[in-house]
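Read the structure below first, then the notes.
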Amino acid sequence: MTASGTFGYGIEFEDVVDLTAIGGIIVKGTTFQPRQGNDYPRMAETPSGMLNCVGLQNKGVQYFCETIYPKIRKIDTQMIVNVSGSSPEDYARCAACVNDLEDIHAIELNISCPNVHDGGMAFGVTTEGASSVVRAVRKAYNKTLIVKLSPNVTDIVSIAKAVEAEGADSVSLINTLMGTAIDIEKRRRMLSIGTGGLSGPCVKPVALRMVYQVAKAVNIPVIGLGGISSATDAIEFIMAGASAIEIGTANFLDPAISAKVAQGINEWLDAHNIASVKDIIGVAE
Amino acid sequence: MTASGTFGYGIEFEDVVDLTAIGGIIVKGTTFQPRQGNDYPRMAETPSGMLNCVGLQNKGVQYFCETIYPKIRKIDTQMIVNVSGSSPEDYARCAACVNDLEDIHAIELNISCPNVHDGGMAFGVTTEGASSVVRAVRKAYNKTLIVKLSPNVTDIVSIAKAVEAEGADSVSLINTLMGTAIDIEKRRRMLSIGTGGLSGPCVKPVALRMVYQVAKAVNIPVIGLGGISSATDAIEFIMAGASAIEIGTANFLDPAISAKVAQGINEWLDAHNIASVKDIIGVAE
Amino acid sequence: MALKKHIVDLQVVSKEDLGDRFVLLKCTDPKAPLPPMMPGQFAQLRVDGSKETFLRRPISINFVDMQKNEIWFLVQLVGAGSRALARLQEGDLLNALLPLGNGFSMPASADKKHLLVGGGVGTAPLLYMGAQMSLMGFRPTFLLGARTADMLLQLEDFKRVGDVYVTTEDGTMGEKGFVTQHSILFKQHFDRISVCGPSPMMKAVARFAKQNGVPCEVSLENMMACGLGACLCCVEKTVKGNVCVCTEGPVFDVNELTWE
Amino acid sequence: MALKKHIVDLQVVSKEDLGDRFVLLKCTDPKAPLPPMMPGQFAQLRVDGSKETFLRRPISINFVDMQKNEIWFLVQLVGAGSRALARLQEGDLLNALLPLGNGFSMPASADKKHLLVGGGVGTAPLLYMGAQMSLMGFRPTFLLGARTADMLLQLEDFKRVGDVYVTTEDGTMGEKGFVTQHSILFKQHFDRISVCGPSPMMKAVARFAKQNGVPCEVSLENMMACGLGACLCCVEKTVKGNVCVCTEGPVFDVNELTWE
């Protein structure tokens, strides 16, 4: 699948990749109210990665339902909406709107966005905060509920268990690591809000460790992401315990990467006489 | 300065770098009792970085005092001993031994090693744990006490404040981020104990963010480290609020890097007509 | 209607150093005809062989030679990415995502006078723009500025397709000063101005255009990651809110921008 | 006493493909004479121009030609690092940290028969070893193994300095089978064996040596980061505990190891 905020609504990429060859598309972060996002500059390049502080720019869930959804509902792949908010009620209101969309079977709850002040990551870094959002959304949303976890915590396992206890159907991890970069000539941090979320291959070892820990601790499926750029990377996450994977920043380097990774996984399985990806989930010692 | 565990006792590097051109050398992690460390394999290469799980292999503080110290005491640079342990008392016993060494004016307390089971990082991830170690060591050690902080926490600022309150003279950050890597052909994590500490340029954005946050919050000097490989990197950390910096993993790529970075900082200051590095500490907005 | 985007492995046909700060890469698609591209559009070039870079580099389309199936990129050596591109040799492959963004508006008729103003490496897309105008039977006027004479690039190519006026900051060629001070602006009337160059220069030209009621388009070069409108990193504040430079631009009518 | 270590910018004099899986790089120090180096020591080579690699790559010293001021590295193409090294061209620079580690023990006198056993790319350091023995007036015996004939490397060079016996797993050259099955081992007595190759092969040779009471040294290639004994990553369990392969090795007497 493609990770939220890295593949738009899919249609941006249809010239260069066959969208039906991708397992699923997680469309970009959607909030109840429209948001302008943060000021430019919103990114900085870092060693094997990048920082971003987009800040959930989107036109709101109503616009999504009325204008975007009709364009994407018939794309032959799983379309999942990433939902954000500034309070449990705000998340729930947004989720309720998406609940009514016939061709959207799942949402990914973003309780881990480091780039907005009024919520997001604040919920994702405590078990209480995470629970409160999932509890509110669970009441308003009766299809598949995936919760995206923040890596900026001491104990991600306790957060994963807390959202599982509140009825999450799956957890996805990791969201970005909070970081910064400084322009020494301008004596200023490079991002408009000072900090941003780090993504790309640089975070892969941290993501893989967390997926391994969480997959051992919860009974719901784990979706792995964080720096995946190749079939080998994806298989590492699957062997660490991920039942599915998302590709994020790598879409920026190669817009066709998701289809290539899907194909690469199948080729690897074939070459090793393994019938299904299910046979290697969590096999790493 | 050179970071602990990346420059040995300095003497390993004397063929290829002028040790007196380095501001200081933090010699490798020393414990009260000798330790064999973890089994091989202890490392994995990652995008713009590496994982290690050495596990504090060292011959114990007594061997250090009797055999190593006489060889290094007269090197004309600051020699700082990195001290680890498995309980507050264990840390304090080790620190007390080093307290008696005339030519060692400071220790760096490692409360953040992710690679040993019996302590280390366990202390560094809670304010109570960190406080208990610093309190015990502060009683046993009356010279400069630097405390090295773990980045594997939700709120590094609260830990920094806690150790400051217990009388730490300085904090250094960051230690390594906990991560892993998987060999998909062997279906096994690449490190003998499963996980390791991630270091190298890949962690720089996270380290820089944490240094910025901590420097704003404490009144003791902050020592910055995490992926520094050039004078530009070092100046970023200084502008983020670091009064000094350590170079770690970059020593493996270029054993002479520390002296080059020191020279590069001076050249940059000269080119910008800045009298002292003090004038740029924490200037980044 | 947007032109279809492609991912192509271009092959370097030739590399030419223009002084020691610029490199001209002429590339071809060895497998297929290059797709249609408009002046002002850009490509996202993948940078191989550099540990320091991670993202693609957006580079404007300098020229397209449909006969030779060639596309040209003019690269200024500013960082690790551009230096890695400059290490490419004849025959090397260069992965490109193109064409991206929207181009400059073309003049509606030949009797409209169209001024193309470029500064530094920002002159690059104006060559393709002027060449396309010339093919359509229009004769553009170029006003090109640089710090010194040796930083004025591809002058012979520009002269082949239009009238060329020049300023240099040190007076080593053309009129001394900035492009906005050039006498041509006060001698001739233009019906439209298209600008690409450093931000202060574009703002100055935009101010001149507004004061004189001349329609004016500028080409922005905000930092970007994807180039496809997905990452939302390259946004510019406009009268319609934050919009992506990679998809809504890089060319904007100055009246859409919130520049004062 | 340890030989002084140096950081040098070597320059590639020639690159030779040995089949499609090995590359022989001959390098010189264009500025100074190469430092003294012992057979069995290695260099840490910096890998430029590869996004996938981070650390230096430890490569054994294949040969040193003091007259020509040349050092040779035999590189097997296994991953991103070795493939990046194989992209080096004549004239390119290659930053090296050398010489590192301890070498093989040299024979004490010419009447002692010394067997050098190599497998795969592990034959590399044995060429320099044999050449040095030859210079000292000793004639070494080489026993070289590979999967197939085309993976036996530098045979002509080996033959110039000693007697060469060969095994291949598929029988395409020499005796069919593994080195430990070669008839020479049962026909001749050797006073010392030096081994470099894949771990199972070295263990088999070590077992043979122990059974026959022959002193035996093996060269290990544990993964390493610094090469200077600082990072403690490349440790091997020995009778003295965990020791660094980069400084205490790579050559070990088999009796120091905890191999059963």
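Letters A, B, C and D mark the chains as written, and numbering starts fresh at 1 in each.
Convention: a residue touches a chain if its C-beta (ideal position, glycine included) is under 8 Å from a C-beta of that chain, and two chains touch if they have at least 3 such contacts.
A quick note: this is a predicted structure, and the numbers were derived from the prediction, not measured.
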{"item": "Remotest chain, chain C as reference, centres from CA atoms", "value": "D"}
{"item": "Interchain centroid distance [CA atoms averaged], chain A/chain C, Å", "value": "35"}
{"item": "Gap in Å, rounded to a whole number, between the CA centres of chain D and chain A", "value": "48"}
{"item": "Mean-CA-position distance for chain D and chain C (Å)", "value": "54"}
{"item": "Where chain B touches two or more other chains at once, by residue number", "value": "44, 46-49, 200"}
{"item": "Residues of chain C engaged with two or more neighbouring chains", "value": "51"}
{"item": "Category of the chain touch graph - line, ring, star, complete, other", "value": "ring"}
{"item": "Listing of all chain pairs that touch each other, if any do", "value": "A-B, A-C, B-D, C-D"}
{"item": "Touching residues on chain A, where the partner in the complex is chain B", "value": "44, 46-49, 51, 125-126, 152-154, 177-182, 184, 187-189, 194-195, 198, 200-206, 208-209, 212, 227, 232, 235-236, 239-240, 268, 280, 283-285"}
{"item": "Of all residues in chain D, those that touch chain B in their complex", "value": "4-7, 46, 51-56, 97, 222-237, 241-242, 247"}
{"item": "Chain D-touching residues of chain C, taken from the complex the two chains share", "value": "48-51"}
{"item": "Parts of chain B lying in touch with chain D, wherever the complex brings them together", "value": "5-8, 12-13, 15-16, 28, 36-37, 39-50, 52, 54, 57, 200, 249, 251-256"}
